[in-house]
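Lettered A, B, C and D in written order, each chain numbered from 1.
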Amino acid sequence: MVGDSPDSLVRSSDPLHPANLIPELCRSFYHLGWVTGTGGGICIREGDKVFIAPSGVQKERIEPGHIFVLPYPQPTPSPHTDRLFLRRPQLNLKESACTPLFWNSFELRDAGSCIHTHSQHAVMATLLWKGPAFTISHQEMIKGVRVGGTGAALSYLDTLIVPIIENTPFEEDLRDSMAEAMVKYPDAPGVLVRRHGVYVWGKDWEKAKTQTECLDYLFEIGVKMQLAGLPTVLNPIENTNE
Amino acid sequence: MVGDSPDSLVRSSDPLHPANLIPELCRSFYHLGWVTGTGGGICIREGDKVFIAPSGVQKERIEPGHIFVLPYPQPTPSPHTDRLFLRRPQLNLKESACTPLFWNSFELRDAGSCIHTHSQHAVMATLLWKGPAFTISHQEMIKGVRVGGTGAALSYLDTLIVPIIENTPFEEDLRDSMAEAMVKYPDAPGVLVRRHGVYVWGKDWEKAKTQTECLDYLFEIGVKMQLAGLPTVLNPIENTNE
Amino acid sequence: MVGDSPDSLVRSSDPLHPANLIPELCRSFYHLGWVTGTGGGICIREGDKVFIAPSGVQKERIEPGHIFVLPYPQPTPSPHTDRLFLRRPQLNLKESACTPLFWNSFELRDAGSCIHTHSQHAVMATLLWKGPAFTISHQEMIKGVRVGGTGAALSYLDTLIVPIIENTPFEEDLRDSMAEAMVKYPDAPGVLVRRHGVYVWGKDWEKAKTQTECLDYLFEIGVKMQLAGLPTVLNPIENTNE
Amino acid sequence: MVGDSPDSLVRSSDPLHPANLIPELCRSFYHLGWVTGTGGGICIREGDKVFIAPSGVQKERIEPGHIFVLPYPQPTPSPHTDRLFLRRPQLNLKESACTPLFWNSFELRDAGSCIHTHSQHAVMATLLWKGPAFTISHQEMIKGVRVGGTGAALSYLDTLIVPIIENTPFEEDLRDSMAEAMVKYPDAPGVLVRRHGVYVWGKDWEKAKTQTECLDYLFEIGVKMQLAGLPTVLNPIENTNE
């Protein structure tokens, strides 16, 4: 598929090359408690190429040579089966089970990167917000989030709404309910999965990462506020200093 | 404005040069959870030059070449508009939105450095202290704080009072209410912004940083005490061992 | 017992050699709060050799030269007494007091590695779950755990059960009650020790480590859920979104 | 006072030399939250020389050249005044305000090292244990603590008792009440200071450090247990699994 050896797709001396960034970012996410126990991950799409970490490995020990490269778009409607690859690692590895969910962010939001975490703040938010969405308002951090994940920045006066879908035994089976939630909540910057974690995307890896940080911060402070009996959504016309 | 190239203002092999310190300190603040999601920051003033980080970037990945240098004082009364620069990065960056707030610390306290964090301890303090100020007494850490941020050290017998101002949709619009709070509370070492974070300043970057650490510690333990039902301010003549 | 000097057993330039891995992993466990105060540790078995860290030392400062190597199996039924060594450090060190407990994982589960932590999440779980086992269901992280520690991966629909044994004044005296619990709960991936910590094992060090991460995550979120009044085990047919 | 230049007392290529260890340990304590905001510190005594960090500086940025060296014992009964030095830094620094308290550990326990932290776990323990001592029993971590700080290891069946003294506006004024508490509680491995922190000592820096880790762990879990309504001291004959 490419003139050069497929391995050249993941060999670069540029620290910002996706094959170098993914291992570095996964190490950093590990230390944030987002991807322990092999869970979670990140993908980066650059034009017609998608770089994806392997499944079921220690996320803080990924090396560039472990990265999968897939063509985008995939020739078949679903990347569930008969997935095409531009490059596979020689080790006995499988691409991330999140692949079809990452694809949602490309197809429905034209995202350039998507991050999946098992952060306990996300999981606790899905346990304390028992309905179909996490909501919070009047937090400065909301301004770091973008409409639909790839649009304009939210305002301090906007209420953040992140839909929560129910978990399924197999990660790829979340594909349809995640897509449905993205259609139903076009402004949502991510999708929470109850008892599981969150998917967040952005135009590029920087924006996907900073939005994941903002959302994780908002899940954390939202959980603290709920446990302290503080309201997490204020009436827009309310004086915030009750 | 300077004989040499403006870029020479941010090029130095001295690790304590502001253009080297700001990236290093921001990385360290990132790991403390103070400046995730591009929020927060630090400025350093050395005589007639102010070094400021860019706005909306990953704070743990700033490089010396990203730093703005502004002359101090600015020729116009407000740095809101027509701000003058001695050096701007070549990238498409904007100076920190905190710039007018940092200026308050220079003009009203003769500070040499000002730090802005989105620490959750600060934000939780503004949610649990619903009035116009956070107060705490009888904590050893109070001794690490200085009267008005740049004066003499507080005593263990002093009650720490940090005013809380209400947040606004645009950061620069906090300028006037922050200045008002600084006038009304001349002894306060910083200003909390409700649902947002805190501004702390000092005579130089070391003192701004150590005071931010002390205040963050005091917000954190104050929040823990409130949630545990412990009083955070004691009568000065009370035996602290009730 | 070996042709070469016994010290050659712990000298290798391969970072994945057990004598290099144990120090690196212990440093990392220290920063997770699992092995502070000299507590906890890890052993790795490769075929007929077992690599074990010393007892009572700072776990983040172990060096390859401090590692003990024991033959496996041991010629006598119990490694309590007259333990045989292939290599002992020259310093005045004693092998980990966990040795007989690590042996349980080799003999009863054919494990290749066993980890012992004093994680506060594990200890708090043993305090809040006052019966003979910790139980949790409907958490994605359960999928990272293997049946009996070395078998197939659990499903999201499985309830995780980790037996809790009572602590004893001497670590080696836990040997029999740990073995009993492993026989009584053949599917359990680890054994909690009340007011003490947890033992977790796996086919190799990677799996022992990632399972310890999953279990620690589950103890932590289980404790948070209990303290927040949330049920930690759901009826399998229950809609998880009550 | 010494044949060589006083500066040679703090210059060594050995990473375990006190002048190199103190900066390294202080950096590590900073990241544990024990010595933020310039608070806390550590001293190491080797025979007739005591190595002490400066007061009021950023503890994570100490360099060997900042270290004070004092002769031990001091010729006058109190090191309060007219303290003798073997070496002082050339910078405008003052020796740690903890010096007289560190001296207590040398004189009353023959300690080789003493650590002072402002850990929030220690402070919260002094707020929740309102009487003259913190007490906890039936925790494995108690075995990492030594009788009187420098004696034999405690048993799992021992109840740990750490006296709490009241804070004073000037650190050196704690000297007498700390000494009194050490006389009254000869078995105590450290002394808590209410609303301030803790002093812990050991025969050498390793033991001072590992005991500080054990105590900090016990303060932390004790606080968690109290807040969860769990008893922290059990009757010795009680079945721990109530």
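Throughout what follows, a residue touches a chain if its C-beta (ideal position, glycine included) is under 8 Å from a C-beta of that chain, and two chains touch if they have at least 3 such contacts.
Since this is a predicted model, take the numbers as computed values, not measurements.
Chemist: Using only Cα atoms to place each chain's centre, name the chain farthest from chain D.
Modeler: Of all the other chains, the one whose centre lies farthest from chain D is A.
Chemist: Starting from the mean Cα coordinates of chain B and chain D, work out the distance between those two points in Å.
Modeler: Whole-Å distance between the two chain centres: 31.
Chemist: How many angstrom lie between the CA centroids of chain A and chain D, rounded to a whole number?
Modeler: Here the centre of chain D sits 44 Å away from the centre of chain A.
Chemist: Name the residues of chain A that each touch 2 or more other chains.
Modeler: none
Chemist: Could you draw the chains as nodes, link the ones that touch, and say if you get a line, ring, star, complete or other?
Modeler: Shape of the chain contacts: a ring, since each chain touches exactly two and the loop closes.
Chemist: Tell me, which parts of chain A touch chain B in their complex?
Modeler: 138-141, 144, 155-157, 206, 209-211, 213-214, 216-217, 220-221, 224-225, 228, 230, 239-242
Chemist: So in the complex, the part of chain D that touches chain B is made up of which residues?
Modeler: Listed in rising order, the residues are 36-39, 58, 118, 120, 123-124, 127-128, 130-131, 164, 166-169, 193-197, 227.
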